Every structure is written in C-alpha cells, then in structure tokens.
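Which chain is which? They are A, B, C, D, E, F, G and H, in the order written, and residues in each are numbered from 1.
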Amino acid sequence: GIAELDLERGHRRGYPEAVYCEGKTPEQVGVIAAAVGDRGVRTLFTRATSAHAKAVLAALPDAEYAATARLLAWPAEPPEPTGGTVLVLAAGTSDLPVAEEALLTARHLGRRAELVVDVGVAGLHRVLGRLEQLRAARAIIVAAGMDGALPSVVAGLVSAPVVAVPTSVGYGAAFEGLAPLLTMLNSCAPGVAVVNIDNGYGAGHMAAQIAAPATSP
Amino acid sequence: GIAELDLERGHRRGYPEAVYCEGKTPEQVGVIAAAVGDRGVRTLFTRATSAHAKAVLAALPDAEYAATARLLAWPAEPPEPTGGTVLVLAAGTSDLPVAEEALLTARHLGRRAELVVDVGVAGLHRVLGRLEQLRAARAIIVAAGMDGALPSVVAGLVSAPVVAVPTSVGYGAAFEGLAPLLTMLNSCAPGVAVVNIDNGYGAGHMAAQIAAPATSP
Amino acid sequence: GIAELDLERGHRRGYPEAVYCEGKTPEQVGVIAAAVGDRGVRTLFTRATSAHAKAVLAALPDAEYAATARLLAWPAEPPEPTGGTVLVLAAGTSDLPVAEEALLTARHLGRRAELVVDVGVAGLHRVLGRLEQLRAARAIIVAAGMDGALPSVVAGLVSAPVVAVPTSVGYGAAFEGLAPLLTMLNSCAPGVAVVNIDNGYGAGHMAAQIAAPATSP
Amino acid sequence: GIAELDLERGHRRGYPEAVYCEGKTPEQVGVIAAAVGDRGVRTLFTRATSAHAKAVLAALPDAEYAATARLLAWPAEPPEPTGGTVLVLAAGTSDLPVAEEALLTARHLGRRAELVVDVGVAGLHRVLGRLEQLRAARAIIVAAGMDGALPSVVAGLVSAPVVAVPTSVGYGAAFEGLAPLLTMLNSCAPGVAVVNIDNGYGAGHMAAQIAAPATSP
Amino acid sequence: GIAELDLERGHRRGYPEAVYCEGKTPEQVGVIAAAVGDRGVRTLFTRATSAHAKAVLAALPDAEYAATARLLAWPAEPPEPTGGTVLVLAAGTSDLPVAEEALLTARHLGRRAELVVDVGVAGLHRVLGRLEQLRAARAIIVAAGMDGALPSVVAGLVSAPVVAVPTSVGYGAAFEGLAPLLTMLNSCAPGVAVVNIDNGYGAGHMAAQIAAPATSP
Amino acid sequence: GIAELDLERGHRRGYPEAVYCEGKTPEQVGVIAAAVGDRGVRTLFTRATSAHAKAVLAALPDAEYAATARLLAWPAEPPEPTGGTVLVLAAGTSDLPVAEEALLTARHLGRRAELVVDVGVAGLHRVLGRLEQLRAARAIIVAAGMDGALPSVVAGLVSAPVVAVPTSVGYGAAFEGLAPLLTMLNSCAPGVAVVNIDNGYGAGHMAAQIAAPATSP
Amino acid sequence: GIAELDLERGHRRGYPEAVYCEGKTPEQVGVIAAAVGDRGVRTLFTRATSAHAKAVLAALPDAEYAATARLLAWPAEPPEPTGGTVLVLAAGTSDLPVAEEALLTARHLGRRAELVVDVGVAGLHRVLGRLEQLRAARAIIVAAGMDGALPSVVAGLVSAPVVAVPTSVGYGAAFEGLAPLLTMLNSCAPGVAVVNIDNGYGAGHMAAQIAAPATSP
Amino acid sequence: GIAELDLERGHRRGYPEAVYCEGKTPEQVGVIAAAVGDRGVRTLFTRATSAHAKAVLAALPDAEYAATARLLAWPAEPPEPTGGTVLVLAAGTSDLPVAEEALLTARHLGRRAELVVDVGVAGLHRVLGRLEQLRAARAIIVAAGMDGALPSVVAGLVSAPVVAVPTSVGYGAAFEGLAPLLTMLNSCAPGVAVVNIDNGYGAGHMAAQIAAPATSP
C-alpha cells in the first residue's frame, strides 16, 4: 500500500492523525481519505491544495476545506471544547494563513481558540491594548515573519507559555523565514518555544496540548 | 547603572528574573547579586562560571551553585512544588549539563521534576521501557545532540507536549547543535516545540509554565 | 560531440552507465540514447521528464519509463537477481518517488529488492512490526524527509548496513532536505552512510554493490 | 612601508582616520602611532588589546585607552560637541563593550552622546519609561544581541533614525550575532539601518554623521 | 478585522504608514485602501503587483502607481520638500527598481531627491566624475548588487552618511543579494549602514529621516 | 539616462564592454544596443533571453545570438586570434551552456579557443586520453557541476593555469553550484582560480587575459 | 545513573557498543569503563583524550589506547578476521588520524583492514598505481579533506562500494570539512556514501558491515 | 609510509611540490623534509608553525623560514626570475601575512614580484596613484579582507588578470573571510578569479603560472 495510517494515534496520544498532503498526488490523498472514512477516525489533512481538497471531498463529502489555512477536517465539526483558551496572534495580515491553520487545528483538537490579527511591534500600542485578553489565555500562539520580534514582547508580559511560529513573510534577508526563526529561538524573554516555519498545524497542536484539561489524557 | 533588573517580573509573569552571566564580568555579576539581595527577590543566575559563582556567593552567601548546570539559585531552596510533573530526558550522558539546567530551572520555578539519562534511539528499548513514566508527566523535556531524533520518537508515544532542546553535543556536521535543532523543528510527530541550542534554562522555564497548576499564575 | 559515454563502465565497474537527464535537452538525450542503442550496452536514464522519456523511447522503443521514479531503463527487463536482498523503506508516502528510484536501480543492477512505505517514527509500531523483514535484508535503504529520524532507529535494530537518502519532503526549516541530511550524517546509531538529497539512484547503486554476491565483480 | 595612513581623511570627509588593530602586531601599531604623532592628526585605534594599547601609549603618551570599549583615542580629549544628541541604548549589560565603543566614537567625532543600559524588550516598561529621552535624540544607536528585537520597538516610537548594531551576545542559534543581525535587517518598523556585528565604531561614526550640524562638514 | 492600521504613525513618528502588499490578496489590500481613504491619512503601498494596484486604485482613484518601483502613493502628490537633499545612486541599470523605490519613498516623506544610474566601480571614472553632486547631498543611498562595492567607495569620498541597499541583482554566489549584503556590512570605509536586500523603501525612509530639517519632526 | 556605458573600457583595459542583460527589460537593452551602434564599439550582451536578443538584433541587425550560451556579440565576427590557445573542458553535457559562453567570450576577446565535452572524473580515461591537448593550451577553463572534481585532476597534470567555473548542474546538496564552488576553492592541486557559479563569461574573459600575447595590451 | 549502556548491542546487531567520550568527564568515562568490565562485553571508546584514556586504563588495564586515532579498545586484541578486506585510503598525511580510527574500528569489528596514505588526486599516478589493491577490497574507505575529490576518482575505478569520510583538514572555504562533505555527497561516480566529517569510527563500522561474511550476522 | 611525495611534480608541471604542514606533527614534517633532502628536489613547506620550521631546519639546515608568511623554502634562494612581473597588493596592513606568502611563492616559482601594502578603497587615491605600477604587471594579486572591494576596483583599471585572495581579516559578518570571498566571486569588473580564503600560496602559484614566459613550461 502507499500509506500506513497511524490510526491508533487517537488512542495512543489522544489527538487525531493528520495527513500531510504536500508531495502526495490528489489520487493518493483520495485513497487515504477513503481509508479514513472506512475506519471512521477523526482526521486532518494539512497543506492541501484545492486539488487535494477535491479528492478528499469526493471520498468524505462531509469534510470541510478551509482554503486560506489549506486545511481539511473530517468531520467538519470540531469536538466540544475543553481545557483552557488558546489565543492566536498574527503580527501582520500576511501571517493570516499560518495563524488560521493554527486556530483551526487547536479547535479540532478540542480547545476554545481566538484570533487577533496585525498587532506587530512597529505599533506597540496594539498589543499593549490587549493585555487582558493575553492574560486570560492558557496558551498563546504568535505567528510572525520579518523580524519575528512579537513573541519576545508578548512573553515578557504574561505567565502563559508562548508557542512561536515563524512565517515566511518577508523578503531578502528574511531568507524564507530563517530570520524570524532565529529571532524566536533567541528570545530574551523566557517562555517561548518554537515550531517550524509556517507550521501553523504544529503550533495549534502544541498549544492544544498545553491548554488541555488537567485530567486529559 | 550597568543593569536595570526586571525585578517586577515575579509580579508580572509569576516567575523569577534570571541574570545571564555570559559576557558580564564577575564584578558586574557581583554588583547585580548585591542588588538582588537588597530587593530580596528570588533570582536565578545562568551560564555562570565558577568566577561568576564566587562573586555571587560573596554577595548572597546562601545562594547555591550547581556547577554542571552552571546555574546559581537564590534562595538555594526551590519553592514547594505545585502543578504537574516535568520529566527531563537526556539522550546521552554528554547532554547532562543541559538536562540538569532544565531540571533545576523547573524546580526553582515551582515544579516537581525528574531526570532520566542516556535513552537515545540507537537502543530503542531504553525509552520504550519507560512508557509509564513518560505518560505520567504533564510536560516532557528532551535534550539531545547529534541526530536529535529522540523528541520525535517520544512525542509519538505520549499526549503531553514535548519541549525539545538541541545540544551542541556532536562534531562535524552537527555544526554545534544546528543538526539536532533542524531535526527537532521538523519533527514528523506533532507536539514538539523547540528552544535554543543548549538552552536548558529556557526549556525548564517553558515546561514549568506548561505544567503550572490550572489556576496559576 | 556533445557526450562521451562511459560505455566501458560495465567492464570496469560491473555496473551500467547512467545518463543524468537534468540540464540536457530532450534532443541531446535522444542523441545519447541512439548511441546507447548502437553500442548495445545496458543503460539507465535518471531524473527524466516525460519529454526526455519520449526522446529516449523514440530511439530505444523497448526501454521502459517509470514516471514516478523518473527513471528509464534499457533494456526494460532487469538482469536475473543475484546476491542478497535490498530492502527499501520510505518514511512517508511523499518519499515514494525517491524510494522507487532506489528500488528500480537496485533491481536493474541485479538485486532482489522490496519496498515498504509509510513507516515513519511518529508511529513506531509500524517499523517495529517488521523486524523480521528488516533482519532478512543484506542492505537497507531508508528514504526520509522532515526530521530524517528513521535511519537512526532502523540502524539500531539490525546488523546490515543502512544507506540513508534524505528527501526534500518537508517545508520551512527542512530547507529542501538539508535537515534530514544533517540528521542522517549525525546518526547516533553507527552503520548509516548517506547519499545526496533525493538521490534514489545513488542509494540503489550503493545498496546493490553492498548486497552483491561474494564473487561479484 | 607597512601602512599608508589615510591622513587626509579629515579634510576629505571631516572625520578622523581610524586604525584597525586586529591582525596587526603591537609593533606595527606602535610604528603607525608614531607616524600619527609626527603628522599630528586626530586618530582612533579600534579593537585594541592591552598590548596594542601599550605600544600606542609608548608613542603617544597623551592618548587614552578605554579598555572595555577596546578603543584608543588621540588626543584623549574629544572636540567640543556640535550638532544633535546621539543616544546609545544597550539591550543588556553584556552589550556594554559595544555600546561604549559607539558612545566614545560619537564623542570623538564631535557629538554629545548619552548611554542607557539594560532596557531589553523582555521588560518593556524599561524602554517605555524613557520616551522623552528617546524623542530628544537626533540619532539613536541600539546595541542588542540574542533576539535583537529592541531596534524594531524603538524605531516604532520615534522619528529619529535608528542605527542598529547586533552584538555577538548569546549562544547557540544566536550564531555569533547572526540572529540579531537578521532581525535588525528585517525590522518591521522602518527607520532602522544596520552595521556589522559588534561594530560599535561603525555605529558611532554613522550616528555622528547623522547628528552633524546642518552646515557640517 | 484583517488589519489594524498604524494610522497614528504620522503623529507618533512624523512619517506615514506603509502597507506591505506581498502575502496579501488584492482583496485584502483593497479593504485596507478603503480604510485608508476613510481615515484620510497619507499612506504608501509597497511591493505591489499590478493586481494590488488595481485594487488600491479602485478604492483610492487619486493614488499613483509607479510600476517599476512597485510603489503606490496616496495622495499621489508628495508633500512640499524640506530638509536636505537625498541622492540615490544605482550601481547598474538592473538596480533601477530598488533605486526608484528609494527615490519615491524619500520624496513622499518630504525630501528633495535625485537619482543617478549605472555608476558601478568597474568604471570608476563615472562616480569620480560626480564628486560635487555627491558632496552636496545630506544623505546618500547606494543600491548595488553583485559585489556591492560601490558604498565603500562612495563613503570614502564624502562626509554624509551612506545608506546602502544590497540588491538581488546577480546570480550564483551572489546568493540572491547575500554577497552585496555582506560586503556592505563589512565596508572598510565607515559611515555606511545597511538595510535589507532590495529594500528601497527602507533605504528611502532612513535617508529621509537623516536629511530631515533640524527642527523636524 | 538608464545606463552609462563603460565605452572607454576598450582603451583602458583592452577588452570590450559587456552588457549584463538579466534584470533589464528588453526595451532597456534595446536602448543600450542602439547607443552601442551609435558609438561603434565592440560589445557583448550576456545572459540574454530570446526577448533580449530580439531587441538587440532590432538595433544591431548584424549582431549574432548564441542561444545556448545566451550571448550576443556585436560585431558577430570575433577579431583575428592572437596569443596562446584557450582550452575549455566541460565535465558533462549539462555543463555545455556555461562552457560555450566561456568559449565564445574567449574568441570574441581575441583568442583561439577549443571545446571538449563530457570528460568528468567518473571515467578518468577520458581526460587522461587528452594529455597532449591539455598540455598545448596556454590557459584551461574547466566547467563542472556536482562534485566539481575535474579542475583538481586537470591542474595536477599541466603547467598552464586553470580557470575553474562551477556550474549549477546537480541537485540536493549541490546547492545550486555551491558544492563545486567550494570544491574548486579547495583544490588540492595548486594552479586553480575560480569564478562565479555559471559565469562562463568571466571564465572566458580571465582565460583570454592569461593567454594574451606577451606584448598585449 | 549517568549512563545506560546498550550492552545487548552485540546480540542485537552483532557489533560492540561504543562509548563517545567527548562531552563526558574522565570520571564519567571511568565509571562507564568499570561497568563495561563488570559486564565483560567488548567495547570501544571513541574520541578519547589522554585524560579519558587514563581513566579507562585505570578501570580496564588491558585496554589499548591508540593516541593518533583517539580510540580505546577493550579487549586490546581484535577478533579473528572474517569476511572481505577493508581498504582505507587517506588523501594526505593530515588525514591520518581519521583514517587510523577507521582502520582500527574495522579491525575491532572483525575485518582484515589495510591502510594507504597520501594518494590525493593532485598526483593521480599514486592512486592509479594501486589499481590491483583497490580491486581486491570488498569495501573501500576514503578519507579526504580540502576538495574531497578522491572518492569520486576511486569509485569510478572499482566495483566495491566506497565509504567516504570528509575530514576537517584544510582552511578557509573548507569550512571545517563542509567542502569535502558536499563534494562527496555530489560524487559524479555512483557507489559513494558518506559519513560525518572526521567520523572514522562510523566509516570503519559501515565498511565492516559491508565486508561481513555472507552468513553474518 | 606516512607520505608519498609528488616529487615528479617538477617534471610534470614545471613547479615544485609543496608540503602542507597543518594537521601534520613536527615529527612527520621532519621525516618528509629528510626525504626531500635525499631526493634533492626544490620544495616549499606552507602554513608552517615555528615548531614545524624547527623540524625542517634540522633536516634541511639551508632552508629559510619566513615567519610572517609561515613559509619554508628549500633551497632558500629562489631561481633566477623569468617571464613577466607579479604585483601583490594588500588592502590593509592586517593582510600582510597572506600577501607575503603570495609574494614569496611567486618568487620561488621563478617570477619577479613586488609588494604594495595598505591601499584599500576607503582612501581611493592610494591605488589610483599607482596606475603605472599596476599597468606594468603581467599578473596582479590582490589580498583583501572585510568588504573585499579592492579587486573589483583594480580589475577595472588594467588589462592584466587579477588573482583575488580573500583574507580572514575582519570580524562579525566578515564570517572568517566569507564576505570578501563572495565579493570577489561577484566582481562587477571581469578579469578576476579567486583562490581560497588566506591562500597566499595558491595565489602566488596561479600568478606565477600566468606570468610565465611564453615558452614555459
């Protein structure tokens, strides 16, 4: 077979399997989606193009495709939220696709999640004006490209852990996200951990685990 | 003055200030330690040489220096632990200094913390034989150099979030920790977030925040 | 002339010449294919687009094009297998093109070869469930992208040498295969040697040489 | 000869020549200092060790050595200040050597210059509490290592141009100053330009030119 | 909302907000342009494709699109110039887009600005023949790709500060602008500070601030 | 104007000006070509697409376009050859475009030049069989991608200097020509100097200068 | 405990455990050596300084320390050789430490092994004069620094697989072994696989596995 | 044996063998020197420490050690010069060791050679004042660190080929010579070819070959 789905992941880890669509043909993804339907286990499909989406929807008509986030979820409806709140901040509008991928992932993993966009440090009053919302969250995701400075600033203001996700927004010496990646790894404020460039899925997953209810899993 | 300590960090964030000793002379660190004593706020001193330690202990005789971890804590005694357990794994014996820095940081930030050493993936039975301990933790720190493969393996087995800390253990194409850093950022198992190379302090801080009691801070 | 084929490679090395198609026009590849036909020596054409394939098939109608592997073989039929078995593992479905290039190369160089797909370390039971098959192989090829952790795990379980081939599967800090390349070079389990990113041909060639019969060549 | 001093730099550019001491023996620097004394032109000696300093002071006894900044100035006394004020910010105490090199350079090039230390973004109130001082400067230098986030924050608050100087403070993925260098080049707040890692001399020179009196030179 | 414009930037910093169009859809940019029109604050739109331009012009018909510079300005007319002159040098014709972006930015921020093209160091007489024009400027921008050598040469001839902007002009070991970036950061002539690769906007902004009238802002 | 041609280069250096077409529009190149025609000075146009070629040929109908080499020469006919012979070696057929650019450049700069293709070190007999031709050359250009090993081998066999030109032929860890570039810079055989990746023009220019007649220029 | 030795490696893999001494204190290595003695399992200690050696020899007096190779073996005597011959080539005398580490490892893993030094490609006759010896080997290790060209040349001449080990011999753009590493990964001759820079242990291990007797393990 | 000297290099290439001393013990170099004496062939010893020098001088008392250049020559006296003149330029005093290594190499390979120090582009009049000397040379070597801009400027002024040697002079983003290396590879003036960072020996060798008499070798 072309794939050996990790379908017991739900039992082992408490979170659903996710199918990484890049590098797979729509046909392959369609075959996997059919297997998912057969087994009936909650599954996400990440980094999916509209061609991938079409193939999944043919096999799982009640799945839902979030085009900006490039994410397919089956079933479409997230589980009832438990645990703490996940807050997703996007430094700029261009970081929206990654931020939405994180937001939806956290929701499909069972958390309440909120999104705030365009609060970069060039206009500091925007983030400082939201201190209350920041301090109410159990986990905070910060997506930022270019200088990637926002996670350091946010982490310095709160007690919740910050999951930083560098984005490939920027050009030149941003080097496709390397610059904000390094910034975030070197945050002068402790309480920041980093996922891969543009990895909204990973950030949402990590934040959902952090904000899980105490008894969970 | 030479320093403007962030002494209200305890109030703002719920965790103590930490003084980064590298690049500071022992004299400067001694002056800072005296100020810490005057203000009476719990403080860590990281990446401290024995010369730094001597200067701190002169100003704060009841501080404690953990030489392997290069960490000074004042007061020496960590607070009474609350929240969940932090488990620290070191892939090899050479990762011990970083793992101990993480362990002690988590303890001084108020968590119960345990350490397991030399459970790298080259002998997989070692980590597989500890599944129960792994699954009892609220947050897991994994320190690994060379191929940095251990966090992917661990994250695939548990529901708790994994804080991965690449170490500079290795040579040649390990590039002072770059190799395990990239490995960890690209973990094929979700639920891994990464801190800076050799940053045991940052890993311990993040894990302590994750494992904080629900009402905290 | 535009090319000076190394046609005596078969005599000198015991393995056929291979034509690298990238950077050559279909016309140039067609001219080379005609020369191959004239000389009648077994030849592979690697990294061939369908346009390259068309040009080769015009000159050598009995060649065979494996589109996923981007490989053309002439003659289409591999030699009768001798020596030990080559086992090819692909960590994920997205690694399939590289794994198939390795598989077919090993076969056209005279080995028995098998393929197992989607046994990445995020779900460790998948590879652990195949210990017998792993231990029956004389040489093992492991293709993996992202964290590239699978070769370390496999090498730790077997006595056969592992040829690791990093793939460009992944994004962001995978840096087009650099991340798994470094992981594999730093394998904490000895018995791993590495070929170029996406170089299924090189991996298959190396494994075929390792698994050659004792008297060969 | 071993050196061909650019002694007419004062006439051509309006600023003194500087001798870069690294890679020169104390003997060579001593010979150059003697030539400087003969010609009687104001000169700086940068990145000077105490051995270099000794050689210069032997030839120019009325020079002054600032050991932290590794800078020698001859004559010791800076010119009477003209133009606007240069403000130098150091994100942390460890950035002090670079910040002082910048401060002294600006003064020896004829500007009024002030220094503020340890106002990194991990404790944002420290820089926000100095808005008035920030807005009174004609040019601001910001020295920062690790995440290098301070220049973005400062530039977003003022109208004066910011000269950012990344420092090699930090470890691991700070990569000897590469991380803050990239951060600063990608500042999301415009009005930031960057000099070489640890180049306090270059930052001070640039800022002195920016803050020069309108009629100068 | 998708954006939270920093509209008070004019009051806080004395310079207009700029919208970075890359990574935003034309629809998003159109929505932002409408908000700009509602608030009536001077705004630039940078790195805008013609699709972005169309969306902006639909909302702000009196904006102006400079296609080569990929810059939209609203209102189209720059303010009456004050302060000193900004001189923009382009090393080669291929650097023109970046140089024009810098030129227009400086003008829309209120400076008099001039452009000189194709005066690279391979034919040194071209820049040496313009000494008078160079020395009349209050701030000089130098855009160069390939070896990026022009800023060092220019800075050695004048007293005004040089804002160097590396361009991605070149190929091979130019590494998309990395080579001239490093050259400029290592200028052996002091008085050079650097902005991001291809960042004409940033260079123009910085130069406008440098050349601002003494009382400004 | 958009360009300031270095037309006196012929007098100053003895070699014609060359117009780098990348990053210029066909219109801009057409304007430059017209200026060239007006001044009547021998000129090359490098890295020209067919659109550039069309624009040049409209202005200079007697120019000649070598499509593989992406080079336009005006006048089409090279000067009568003088000096020694330039020998161009291409390691593989895929290196042909770069090798031809070098060959034609050397000819248009006045040298006799020969080309030998596909003599890489994987089949060493191919280069060893040409020792006589190698030893007859006054300057040797070696174009190679992938491992870039050919220049070391050639330099070890001859007394003439070797100009090595790395090509972007290869994939994965060839990193667009970085691998052969480093190989060539580290040649264990002395007598190798290196030009930019894919810079056939630069290699041909350098070799033509080396092989110039003793009295020239 | 500080270490959890993989003592069953001999049973699982057929090859002994190896202790990586770098990053361990001599005390820690001494404790491990004592445990090795207690269990009585054949063990290697790699990258051992003389201080490490002293600690091991105190616990295991009949171990042997090869100072050039930085390798300790216990017991001192290798097993009786079986399987094919491993041939180790060192391109230059400076590669000797790595080559000897490979040689001894292969012997202690049960192979017959030979060493040839200083046969780099700058004087090609040296390797060409040893064709017979090359062709008699079942596995060939090639250690080379600088341009790393030797493995490509050797692989093109033989049918046995080549294990290439880049060394940190060289300077400047050799970048501590990066240059030969890339060269070897891009070998234009197939049949080359690569281990980490300076990893003589890994090369010897891999070659010993390749040359194992058919019935082994 | 530990070395297999390429003693017939003189016959094959016309230039002497050179022994690279780094990575060799003084004992090994002494053994090689004795062999050189036995065979009586002209030899250079490069990158030699004073310990290496002592060992060579013990075996070859009439050799000469140039400490700054770290070069030993035997015999001490260079051959009678033939061919054209080699001119060596050092951008700064700190580049002297590399420049002298180049100078002495060219002389010991049989050329007339001259040295000019401290003519960097920060004070352009210094190099422009030497146009006559520049134009009299048959080959020009330019050693420069930091921005590495001098070769571009020099090449634009002369018809002779320029051998550029980047030096590790500089700090921070000079990255141990990477910055000037990239600058030189991207020279906007053709007629520049580059050798390894700090490779004065290679530059001198290449220049000697370029300036060889027409009938040579």
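We take it that contacts are C-beta pairs under 8 Å (C-beta built on N, C-alpha and C of every residue); 3 or more make two chains touch, one makes a residue touch a chain.
Since this is a predicted model, take the numbers as computed values, not measurements.
Chemist: So, comparing C-alpha centroids, which chain is the farthest one from chain D?
Modeler: Chain C.
Chemist: Quick one: which of A-E, A-B or A-C reuses the F-H interface, over half of the residue-numbered contact pairs in common?
Modeler: Over half of the F-H contact pairs recur in A-B.
Chemist: Suppose each chain is reduced to the average of its Cα coordinates; what separation in Å results between chain B and chain D?
Modeler: Distance between chain centres, rounded to whole Å: 35 Å.
Chemist: Just the number, please: Cα centre separation of chain F and chain G in whole Å.
Modeler: 42
Chemist: Would you give the residues of chain E that are in contact with at least 2 other chains, written as numbers and ranges?
Modeler: Correct list: 92, 122-123, 156-157, 172-174, 178, 181, 185-187, 196-197.
Chemist: What chain pairs are in touch here?
Modeler: A-B, A-C, A-D, A-E, B-C, B-D, B-G, C-F, C-G, D-E, D-H, E-F, E-H, F-G, F-H, G-H
Chemist: Note which residues of chain B are touching chain C in the complex, please.
Modeler: So the residues of chain B in touch with chain C come to 91-92, 120-124, 128, 146-149, 152-153, 155-157, 170, 172-175, 178-180, 182-190.
Chemist: Under the touch definition given earlier, write down the residues of chain D that touch chain H in their complex.
Modeler: Those residues of chain D that touch chain H are 1-6, 8-9, 20, 22-24, 28, 32, 47, 166, 168, 176-178, 181, 196-199.
Chemist: In their shared complex, at which residues does chain H touch chain D?
Modeler: Its residues touching chain D are 92-96, 117-119, 122-123, 125-126, 145, 169, 171-174.
Chemist: Write out the stretch or stretches of chain E touching chain D in their complex.
Modeler: Where chain E meets chain D, its residues are 12-15, 18, 84, 156-161, 163, 181, 185-187, 190-197, 201-203, 205-206, 209-210, 212, 214, 216-217.
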